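The letters A, B, C and D name the chains in turn, as written, and every chain counts its residues from 1.
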């Protein structure tokens, strides 16, 4: 992983407060756990039916019956619990999931999230993503600031089908930490070596920049 | 228990076919189990969360956490399972309960059952009775043919609030076995020493009597 | 990573319940009723409560104490026939009682716990129980809309817990407890035995810890928990 | 009294599934998928099936065999991204795919299993997933009526069973299995270990025996059950 990605993931890890129940999405979000302090009090949830997700395991020590929702072989920690898919989403929909971190194709300045369909190219079904986005108490997005072509992922309005409307509170990218506020995107922090101007240039929507010094992560 | 009651309960026990899942209501129906042959293959269900209800226990050997829906201290058998109230009624409503035997204030010739409210005198709530009556695959009623005043319990139309409409298939009384047919009550069997005329006299609705000999239980 | 410790003093846990709260109570008869938490609720004296419980227990037990102290304005239940005080208060008009079919109460609580708005059923169509409830037509048949129930607080009794709030219920003490565990904004479980994390095997847990806010260790079991001799 | 013995030969159990049946399959990815029952369904060749399963497995595994043999007309699922054949068949119009949000699929199956007509939720209101579904207003907000799903047959995989059909699932192999166990008119469970009655403790059972019609003992586990090395 590049330094920029590592910094972004490490910064996102600081979003997790002690005592939270957290669901980390597939891909970059799943790496956030590697940056938590040892003995940090947190409960990781995976929607296929486990609270207290432990470290991933290599194939040779894996349990064939113990995966996370991304198919990775994981482990338990003292106090883990297994449950069925109905209980797992009951936990999500009833407000017991304090935080989820998800990937994104697009995030709009209103906090709309598109991360499950690319029209004409990719529509494999949403899995549990819609409920995570719609019902977690707080939704953070973890994504590169632009896609491989340099196209911004933070936009005025999503062009792709929505996962959920107005769900995203905060976006962590390789360039910045950006909040979704009632007035739109607001820059909170920049990555080391990145200027607010660079973030503005890579964002396809108005971006409020704070007066004075800005925090660097 | 009088001989007539014992005969009635013993006759009702023969209604249970091998392999059935059966819920026996409070009172007389709960005694049916005492008349099953040893090692008879049946699963008794109690709606407070147990399949495989075993014999009742005296207080000294009772488990304080193990009761049936009537509050009797019961036991388990090899293969019993405990579950929550939602699963317990899922079993009832989804058609996994082959038979229930219930008490009654009144049964109508259309199979309507009234067994939960006596207006102005008794309305403690239905508990699980409505779902048992409405959703068991087969509902049999076990009751004295008349109440203490001699008033018939088998009637043309129920005068008391219904538990469920058209749910009763068969009634076992101290006098007779009576089916609810599309044409109304039909006498199937009489108790030892009881004549069809006596049954007709104690029934407040038309009663079809078969030609020829009638089975005696 | 480790899982947080939720063991809490009973006074502190119950003090989080305000006047006017809706409170779910686990239990079917004696088994699964959180008698000790109820006693503390009586001691603290929160008023004007709506209680949701399968039954009203018997005289001198559980819910009966809350009724005797006049803390309950409304009771959502399935059967109160074993509690003469509940029957008398209802008949006198000083206790508002809503009856549900037992399995429908279970589903309404579970629906609240599952973040659903309602379930659609067909129970009690010929009874007062379905009167006044919204109806919809589905597949050519009538369905009764049974709205979800949630509570400000759910009080549970578990046989065993760990400090993270994973719970196991003994025998038929399970009943409504796992459903109410999902449906309370504040979930307090009293437990006969409290183990360190890992003390309960992950496949053997009836209520997963994330649903539970506070675990109260029972120092001893009062007579109310014992076998009832009639 | 004793509890009936439901152990059955796999050929006999699967032969009870007719052409045109709706078949639920447990499993989320590999864990909990009844690979051996699926193989027998492929061998017997029932046609025109509607399959309800969380996902379409991966190439060469589980559901993929049913797709390859052309037995599936319709698939109700949450995600098929790991099965290129499912994606290709869907894009070619030769497989009718209905997508559900994962927790809503779980609730629809559970509702069928609980003898309910529907649940009312608010998931996917801004997506295609809720399009065309009935809506009702409840408490001033819009609710989506998610109709119950039942199946002619539910095929499950259990780690342990007893001969009466009580089941336990290992780790995350539980997933949809206990829900589908309630929702099938015919419920067939394959099990790695089959114990006599009493072999599973009554408090530790995930699916109670009354829901299960047939228990099929797995003589050995094929490679499909193993750890996937990517």
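The working rule: a residue touches a chain if its C-beta (ideal position, glycine included) is under 8 Å from a C-beta of that chain, and two chains touch if they have at least 3 such contacts.
These numbers come from a predicted model, not from an experiment.
Colleague: Computing the C-alpha centre of each chain, which chain sits at the greatest distance from chain C?
Modeller: If we average the C-alpha coordinates per chain, A ends up farthest from chain C.
Colleague: Taking the mean of the CA coordinates per chain, how far is chain B from chain C in Å?
Modeller: For chain B versus chain C, the centre distance works out to 30 Å.
Colleague: Quick one: chain B and chain D, Cα centre-to-centre, how many Å?
Modeller: Here the centre of chain D sits 35 Å away from the centre of chain B.
Colleague: Would you mind pulling out the distance in Å between where the CA atoms of chain C average out and where those of chain D do?
Modeller: 32
Colleague: Show the residues in chain C shared as contacts by 2 or more other chains, in ascending order.
Modeller: 107, 110, 114-116, 121-122, 169-171, 202-203
Colleague: Do you know which chain A residues sit against two or more other chains?
Modeller: Residues 50, 82-83, 86, 89-90, 92-93, 135.
Colleague: Looking only at which chains touch which, which shape fits best: line, ring, star, complete or other?
Modeller: other
Colleague: What are the touching chain pairs in this one?
Modeller: Going through each pair of chains, those in contact are A-C, A-D, B-C, B-D, C-D.
Colleague: Which residues of chain D touch chain B once you look at their complex with the stated criterion?
Modeller: 1-5, 110, 112-116, 162-164, 166, 182-183, 185, 196-198, 200, 202-203, 205, 208-211
Colleague: Can you tell me which positions in chain D touch chain C when the two form their complex?
Modeller: 107, 111, 114-122, 134, 136, 138-139, 141, 143, 145, 147, 168-171, 202-204
Colleague: Across the complex, what residues on chain C touch chain B?
Modeller: These residues of chain C touch chain B: 28-32, 54-55, 77-82, 87, 97, 99, 101-107, 109-110, 121-129, 159, 169-179, 206, 225-229.
Colleague: Report the residues of chain A in contact with chain D in the complex, numbered from low to high.
Modeller: 46-50, 59, 62-69, 71, 73, 82-86, 88-90, 92-93, 112, 124-128, 130-131, 134-135, 161-165
Colleague: Where on chain A is chain C touching in the complex?
Modeller: 18-19, 21, 33, 36, 38-45, 50-52, 54, 76-83, 86-87, 89-97, 135
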